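Next, two complexes with subunit A in common: one pairs it with subunit B, the other with subunit C.
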Partner chain A sequence: MPKLPGGELASRPLHFIWIADCSGSMGVDGKIQQLNFAIRDAVPHMQKVAEDNPNAAVLVRAIKFSNGAQWHIAQPTPVAEFKWLDLEAMGVTDMGMALSMLAEQLKIPPMSERALPPVLVLISDGRPTDDFQKGLSALLGEPWGRKAVRLAIAIGEDADYEVLQRFIGHPELKPLQANSPEALVRHIRWVSTAVLKSASAPASQPREGGVSKLNVPIPAPPEPGPDVAEDVW
Partner chain B sequence: MSAGLVLPLWRALGASRRGAAHVRSGLPNQDALLLPDLGSEPPWILALADGHGSPKSFRSDRGALLAVNTAAAVCRRLPCDPAGARLSAIKHWAEDYLSREIVRCWRTAVDEDMAARPLVAAEGAPSGLASPEGGHYLAYGATLLVVMVTATFILYWQLGDGDILTVTDDGVVSRPLPPDEKLFGNETTSLCADRSWQEARTAFQVLAGAPPALILAASDGYANSYRDEAGFLRVGSDLLTLIRTDGLEAVAANLSDWLDEISRQGSGDDVTLGVLCRTTTNPARLGRWG
Partner chain C sequence: MNQLLKIGMTVQTGDSARSCRVEQFLGGGGQGEVYRATLDDAAVALKWYFPAQATVQQRRNLQLLIAKGAPTARFLWPLALAVAPGVGGFGYLMPLREPRYKSIVDLMKRRIEPSFRVLATAGLELVHSFLELHAKGLCYQDISFGNVCFDPANGEVSIGDNDNVGVDGETGGGVLGTPRFIAPEVVRGEAAPSTQTDLFSLAVLLFYMFMIHHPLEGRKEVAIRCFDLPAMTQLYGVEPVFIFDPADDSNRPAPGYHDNALVFWPIYPQFFRDLFTRAFTEGIRDPLHGRVRESEWRAALAQLRDLIVYCARCGAENFYDAASGQSAGVCWSCRQPLRWPPRLHIGRQVIMLNHDSRLFPHHLEQQLYDFSNVAATVAQHPGNPAIWGLKNLTGRNWVITSGEGAIKEVEPGRSVTLAAGTRINFGGVEGDIRC
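Right, the complex of A and B next:
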């Protein structure tokens, strides 16, 4: 075949970002250990989903927040090379700062206009101790912040469900409640596979009445089985 | 739809190919392409549509086909005989009437198609299809690009994502239509949205001075397959060079394979390209296809 017209071809980048609460309360009842286990357990499943969708280049990273916020895995890492690094719990819940730092990375550049909508997964067991609204406004001030698939997992009954719902920003999507290690594994697996698969090949979405709606169809979350574990958190 | 060739003054070629991701998932090609009949009287109309393909737009392949046929039918009503209408009046017609009429006729075509082909359970129509959100038009949702060429002017028209490019004799590539900031991520304006005619973009080019040597219309799966904008724009200048060196027939013969490979290495989406080539360019530069 003769040389193809045009410049370099490339699959479309799909940024998947964990936003993890590492406050002191995450150290109670083994929550942080279970979160580390659940994400590490999900990685091979993410890799399989990515293999099945070669037209999306899945790039994974993570940001953590407690006393302030920092990138835990700063480099957007091809999922095939991604390795989870354990988090540790200590300090308060500076969720707003994490969202502000995230907003910086969703600017264009460094993001590309031709990327697929990023997937942002916020995991928390408590209430923000800083200015959450400031961070959320910064995030939603970026085009890719607004267009991102924003999901949240509430660990335990002390999680601020209302704050997580504001992060999601779509009334038809609710935070996933994880009151047991089994539920946390199930929710992490779902966002890592079903949601990732949906985000890897999204169909075009018409703007309805000039209003932007969910631009990636989100599959229904898994129902807990009959052997559902007792709530421990 | 397969690659094709038609004659003269302007030549046309194009192809529409099912995307690599659609092949994997069992979805059909949801793009549609209509090449002009250049053997007939002008206007010559190139129309390209891209069905949304989401579960809610489960008939968008039909919506795309209806869109290209509707566009051609509406554009043929244009009073394009320069003896019969002033260019300013035609421009006014295009800007004030064309968008409303294309959308209105597409909706009528959808209504007729729904009446002729009632929904069946196997289509997996989501509940609430007839909701006020978008009604049954959402099931057929598509974007549409139109290039209309006459002896005296070219009209470019677009509603939703996709790309129209022009290439000068010297290989300079540009976009005749202004950008639309609402087209971001995988979100697009659409024929199926309420008052969608207001979202159409139109440009009118009088054929004087230096008309384009090449006009390209492509579905968004094409541009999304390149690492950057510059790489996609190079398609225009590269195609002009290939047509001049290898001939139009050779390019047409390779086009389907190229589009398959571009989708495979790139976006995975359906990829459709329609091309109009002006043959009255500088005779010294016609190459094998003059």
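Right, the complex of A and C next:
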């Protein structure tokens, strides 16, 4: 017999969606393998963050784009049950198509009217080969698309920084540059933990943060510590 | 991955340059990382700040806190600064939290199932700890789910993340708090964190603990589609309305969305609900004078603990409510009628005399909350199990006066039968048994 009545704290769904570039260039230098590794590595940490957060029911899925786009993990999956399926690289970079498909899924329905801001993470190493703007307009045409926390990770030097910045849509947030496997792991970990937490239960608010134009406070991305011998005090 | 310190390395304490070995990475937060470490063969926790958080101000604040010392043993208080050759920044050492403590998040997710008595004890320990902290001229600034843990077996609390504690009125840097817990005037940008805003956050945390719900999330929350920061600012800052505000029903809990609030609220006695009502009505309108103070919560939670009664049919804990008159109502769990056991009145305190009820120093003297020191316990007559009594576990005689006026002494170790009309003089105070 339960000692207390009632149930868990009421929570809202939080949709977390990976948007992954699987174009042929991702097959060069093991980039797709690095991405698969980085996301696999982040999953348990993501689950831990969700476990510690009573305000959100985190649901994860993934969409991929190369020649066209398709849902890689279509079902919004409770994060505790989420398993990453490896991506393979081939074809072109139909990023616009992926955003259009995403926009379809952010309509109400299938999205619920009440939720926490979705988190959309776009990962790419190149330039879109289709009509990116059409896809972005469709995405931003949906209320949940506009309200979503949109983040981007640029893999390598050839990523289209400007396109990723347009996807983010806020000048104060920049695409994260991943020029090494370590940086990719760090960025993927950050979006799937710190940002995930912030979208549902923002951590302590720094007093001198100023007034942000963002509807979700995005914590500072992690930086590798400076190689200083010792600080002076 | 992202670890600031290496396992096996040694850091030095700032004061006496004692060596402390880093043993295990425990976790990372917004400000830094926490490790298990060994200092003089004892396990301690070591927090190391991210470079951006390792500020001169943070260091000064830690030095101040270390010098002041912990307000009570319930705080995992900074023990010493730590520095490391070859590593930038600094950290600090604190006691390691024992694994028996579980977080309020575990309660919110119902991964632990404490009793009402444990909840009341944890609440009492919590407000008592904050009373001691505030009495030292300090404010916590960031009361939230993550910072308070309790032992679900006995309600002992453990308060962490004390490095943001500052001197009230002088908290220049640091944090505004955690959304959902921040006082409305701070959310609106009209005030900085202080002991007064701590009182609001404390009331929110207590409401969460006792209702598994937020006090301002009612119909207004249902109407919000995207629950982002602007929405939170509106709900918790610009237009905060208590879900049970007797003068404003615009934000009542909505069935299907806020069922916990609807289920828990009527279970508690009127005086306890009134205190929450004051905390979230006057306490919002008048941050300086309207808030419920720690000592008021402490007295209320001690009283709540004493009002627990068990359903004779299913054993569920219910509460005696003097405001409901003679009607005992029905059990929240099995819906069968409740019966009140005998009760002891001592001054304004009412203690329900269940089979396992105990008296503690705070019942018989002033202000001393010590649940390890039992002063009396309800006991069964060894020869006749149908007779129940109150056993004297103090070191001095009680003097009882029966309903018929007969006077007797109850020596330590002996018991007085629970009979209506019996008056017990405990020494300093007197109580009477009612049925």
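Going forward, the second predicted complex is superposed on the first by the 202 of 233 C-alpha atoms of A that agree within 3 Å, B and C clash if a C-alpha of one lies under 4 Å from a C-alpha of the other, contacts with A are read in each partner's own complex, and residues count from 1 in each chain.
Going forward, contacts are C-beta pairs under 8 Å (C-beta built on N, C-alpha and C of every residue); 3 or more make two chains touch, one makes a residue touch a chain.
Being a predicted model, the structure only gives us computed values, none of them experimental.
Asks: Just to be sure I read the superposition right, which of the two partners does A:Ala10 touch: subunit B = first, subunit C = second, or both, or neither?
Replies: After superposing on A, A:Ala10 lies in contact with both subunit B and subunit C.
Asks: Pick one for A:Val216: touches subunit B only (first), subunit C only (second), both, or neither.
Replies: Both: A:Val216 reaches subunit B and subunit C.
Asks: Is A:Arg114 touching anything from subunit B or subunit C once the two structures are fitted on A? First, second, both or neither.
Replies: So A:Arg114 meets both subunit B and subunit C here.
Asks: With both complexes overlaid on chain A, does A:Arg189 touch subunit B (first), subunit C (second), both or neither?
Replies: Only subunit C is touched by A:Arg189; subunit B is not.
Asks: Of the two partners subunit B and subunit C, which one touches more residues belonging to subunit A?
Replies: C
Asks: According to the stated criteria, A:Pro202 is in contact with first (subunit B), second (subunit C), both, or neither; which is it?
Replies: Once the two structures are laid over each other on A, A:Pro202 reaches both partners.
Asks: So, does A:Pro44 touch the first partner subunit B, the second partner subunit C, both, or neither?
Replies: In the superposition, A:Pro44 contacts neither subunit B nor subunit C.
Asks: Just to be sure I follow: which residues of subunit A are touched by subunit B in one complex and then by subunit C in the other one?
Replies: In subunit A, residues 1-2, 4-10, 12, 52-55, 113-117, 143-144, 147, 201-208, 212, 215-217 are touched by subunit B and also by subunit C.
Asks: Enumerate the contact residues on subunit B facing subunit A in the complex.
Replies: Listed in rising order, the residues of subunit B that touch subunit A are 20-21, 24-25, 50, 52-55, 57, 133-134, 138, 141, 143, 160-161, 182, 184-190, 192-194, 220, 223-228, 230-232, 234-235, 238-239, 242, 246, 254, 257-258, 261-263, 265-269.
Asks: Spell out the part of subunit A that touches subunit C in their complex, as residue ranges.
Replies: Subunit A reaches subunit C through residues 1-10, 12, 41, 51-55, 113-117, 143-144, 147, 185-186, 189, 194, 201-208, 212, 214-217, 219-220, 222, 225-226, 228-231, 233.
Asks: Note which residues of subunit C are touching subunit A in the complex, please.
Replies: Those residues of subunit C that touch subunit A are 1-2, 4, 29-30, 50-52, 54, 56, 59, 83, 85-90, 103, 105, 108-110, 113-116, 119, 142, 144-146, 164, 173-180, 182, 192-193, 208, 212-213, 217, 222, 224-230, 257-260, 263-264, 267, 314-317, 332-333.
Asks: Help me check something: in the complex, which residues belonging to subunit A touch subunit B?
Replies: Interface residues on the subunit A side: 1-2, 4-12, 52-56, 112-117, 143-144, 147, 201-210, 212, 215-217.
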